[in-house]
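The chains carry the letters A, B, C and D, assigned in the order they are written, with residues numbered from 1 in each.
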């Protein structure tokens, strides 16, 4: 095939890219956990979560203000108000913020409030948005599309690089499978393959990959053991009451257990990740 | 599942929706062929194609001005210049025009030049774009995403309706399969299923579904026989020289053969489509 | 790839293979409908069906005696008794018989009673069974596996040829998809692709492809229009009472309608299949 | 759905099933590595491998005597001679043996030589073979089919139980995906899901899942971390010269590295598998 990525290729940049956001370091032997609710729902909810995450040692919070929802009748997020609540909670508790931008206009606004901008699965091949993300002075978290190949993901990252932004983190979040017990199918082998082909950090999102809170811990262990540079985990003070993704969100106690469970598999625990 | 479509549902509107664009009528017992090149490449190319289509009895032309391309290094389309060439050729030869809009800013510009706006597969769940398309006074051709379920496609159409635009035509254009001999896998059964669930017209795009010009005629026959309301076909004066999709484009002689081949299967030929 | 088919290749045998079974001719410009119940359930059921099919002009009946069922607790078929009932009904009403053999021992017994032996989807890569089918003096109906590629299907046919049997008919019966409204996804483009690559007859099974009786007619129209050499249709005197596949079986009246519906699309109706 | 598994269900048997084969214990907190070549090729090859594995602490060897190959022109295995070589090498070096049976006749012969019988992916729904495996006095290693759902895999195991054999080990070996860089896609989440639904041991086969020797170590780490009860690894004295699966086989040095790499993640190393 004549279609090839250049700027994101490991051949172009042999060393791992290192991306620093606040106290978080992505890439190399570093490991980052991003956590937070699917959506910002209220000031109380986001502050309670931020306070908890802060005490749990987390330094980056996720939370949706603009939500891509399959149905127009589902909760669409709080928009600007959500961004403001998110930024306020982040500042109060010392957390960097990542949140999704869905279009080329909103991305400017999102960039004012967020430390990293997420491009979601459904927008992985939204090329105007990729180009806009390439002109924003913020790192970008690029999630793999539901049926995107590995080459297509890397070419999407190449769009961002080509437009001028070299701060891109890739995220494997499950692909469309025929699995009858999960929402999607985590393509765990994508993590080492992406790391071989590219110099970019690669994290995993076991919450969206499985859609089941009881699978988040085992999938996190696997992702850590295979060498992911981080995890993105949905956490909510009261998952049953969440306005979206309630089945896959951990409560605070489950999240504390996750941190304990993955500890033996972390890079600093002694295994050598090749 | 609590997620449901209402406005696009057949339960909400028992009769087929009929959408008129110039001399073309979509829906009911009508059948429309949209044809044209993947991309507008030059004034000569688009005029030559428009003249040919006009003499072949076609009344709607496709052609990309803003092109979604997997790689940033592939031809991205002529942009505004492409829109102008397209509209000029359409006016000269009596053809309505359909072309893709990829973002919420460009859609306004596209609407000035085009008679119908296409939302491509990669943008089927670009919700801001769907909402913007709901506010534009133009019919929308909504293509199914590469791994979108039928319910997801109908909910995407529901977004457009919910935002105020009830002129939506659906397009089955192949899904990601494991077929080793085609670009995608035409999900032919989606056509009657969509027609049962919804009142919207449904057309097929055998060019993108197969990625092979030699399969366009047989797939078109199948789509007509199953009751599609129309076809979208890639035609180019010189496919070998096309800047994109050269393997799947028909030349003029092949297109004339296509019209002859599908003739026996058209609704007016006597078969009763239930 | 170094793995290639030779004996079944169109390059090895430019003309269509013609396979005659009783009054049925598969291949070339001929068209055959095979019909009958999923499983032989009783003498009354199979005789009633055979009589009906005979009066409807059908000359080949299907019916399972040995049934591949996902659960060990589902009806497994009548076995030898089923074979005998099937052969008796076929003889009484002038119908050739096709039924499935599931292992290398039973295939000998099935060959005593049946005019054609079916190898089902789940056994498409049961290589000992393919080799045994190659040594049996009966035509073989080889159904595509649920996620088999086109090359894998042709190599399975090659096993039968290589073992000595050149009477093989291929059957597209739907693949595993992510379609939310059907049992499987009919890969309609497989039909012309197989006909280009190979000289073997190719038929379609819309009953298993869709799992829905209301889709059998539209899918049959599509299969005929694209140039399939035949159809295999599930018919039952009383689908609601069927012991298996009740949702996808046609009753007698629906089957008569199917024959009427596909008539305009048959080769003899004037369309030229390339 | 009314189709349900009973005997293999965790509801029927709350504790993990423990299966002992020679010195190997499958299930519970135990962990077993099965290793060996794709196919038995010669006495020298299998003895050299057995000796190496024995010194590496391995106590179960795999090796194919009857090989399921996509093409009839590929190496089909040494048959009975292969079984004898395998059993001889196992006896000489203190290794239990697992090898594949492909049909209901050969399974008797395989059972004479092997300590565990493998039913391969292509035969996961070969129901006569499953029933025959239910009557053999040997544990069965049941590999998941290429596009089998989790329920289908458990129902296949139910067939073996229902026929009288309660010694079944499940194996996740990758499913058909659209991954452009691997042979299959390891469905890592299947491992904990199967362990929740069933009391049977579950192992992983990263060699077939990836088809790439350079991914075997990272996938093995992930499988161990997620709680698999074991691994099946292809090892060959000289992978480049292997008659099959050469791209995915480890050489002896790579295999020693694998043991070292997974060591920190093993159950006995201190992590608590829930």
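Convention: a residue touches a chain if its C-beta (ideal position, glycine included) is under 8 Å from a C-beta of that chain, and two chains touch if they have at least 3 such contacts.
Values in this document were obtained by computation on a predicted structure and should not be read as measured data.
By residue number, over half of the touching pairs seen at A-B are also found at C-D, the match among B-D, B-C or C-D. For chain pairs A-D and A-C, the one joined by more C-beta pairs in contact is A-D. Averaging Cα coordinates per chain places chain A and chain C 48 Å apart. Distance between chain centres (mean CA atoms), chain A to chain D: 34 Å. Taken residue by residue, chain A touches two or more other chains at 147, 176, 178, whereas all remaining positions touch fewer.
Chain A makes touch with chain B in their complex at residues 3-5, 68-74, 102-106, 122-123, 125-129, 146-147, 152, 155, 158-159, 162-163, 176. On the chain C side of its complex with chain B, the touching residues are 147, 149-151, 175, 177-182, 185-193, 196-197, 209-210, 214-215, 217-219, 221-227, 261, 264-265, 269-272, 274.
Within the complex formed with chain D, the residues of chain B that make contact are 176, 178.
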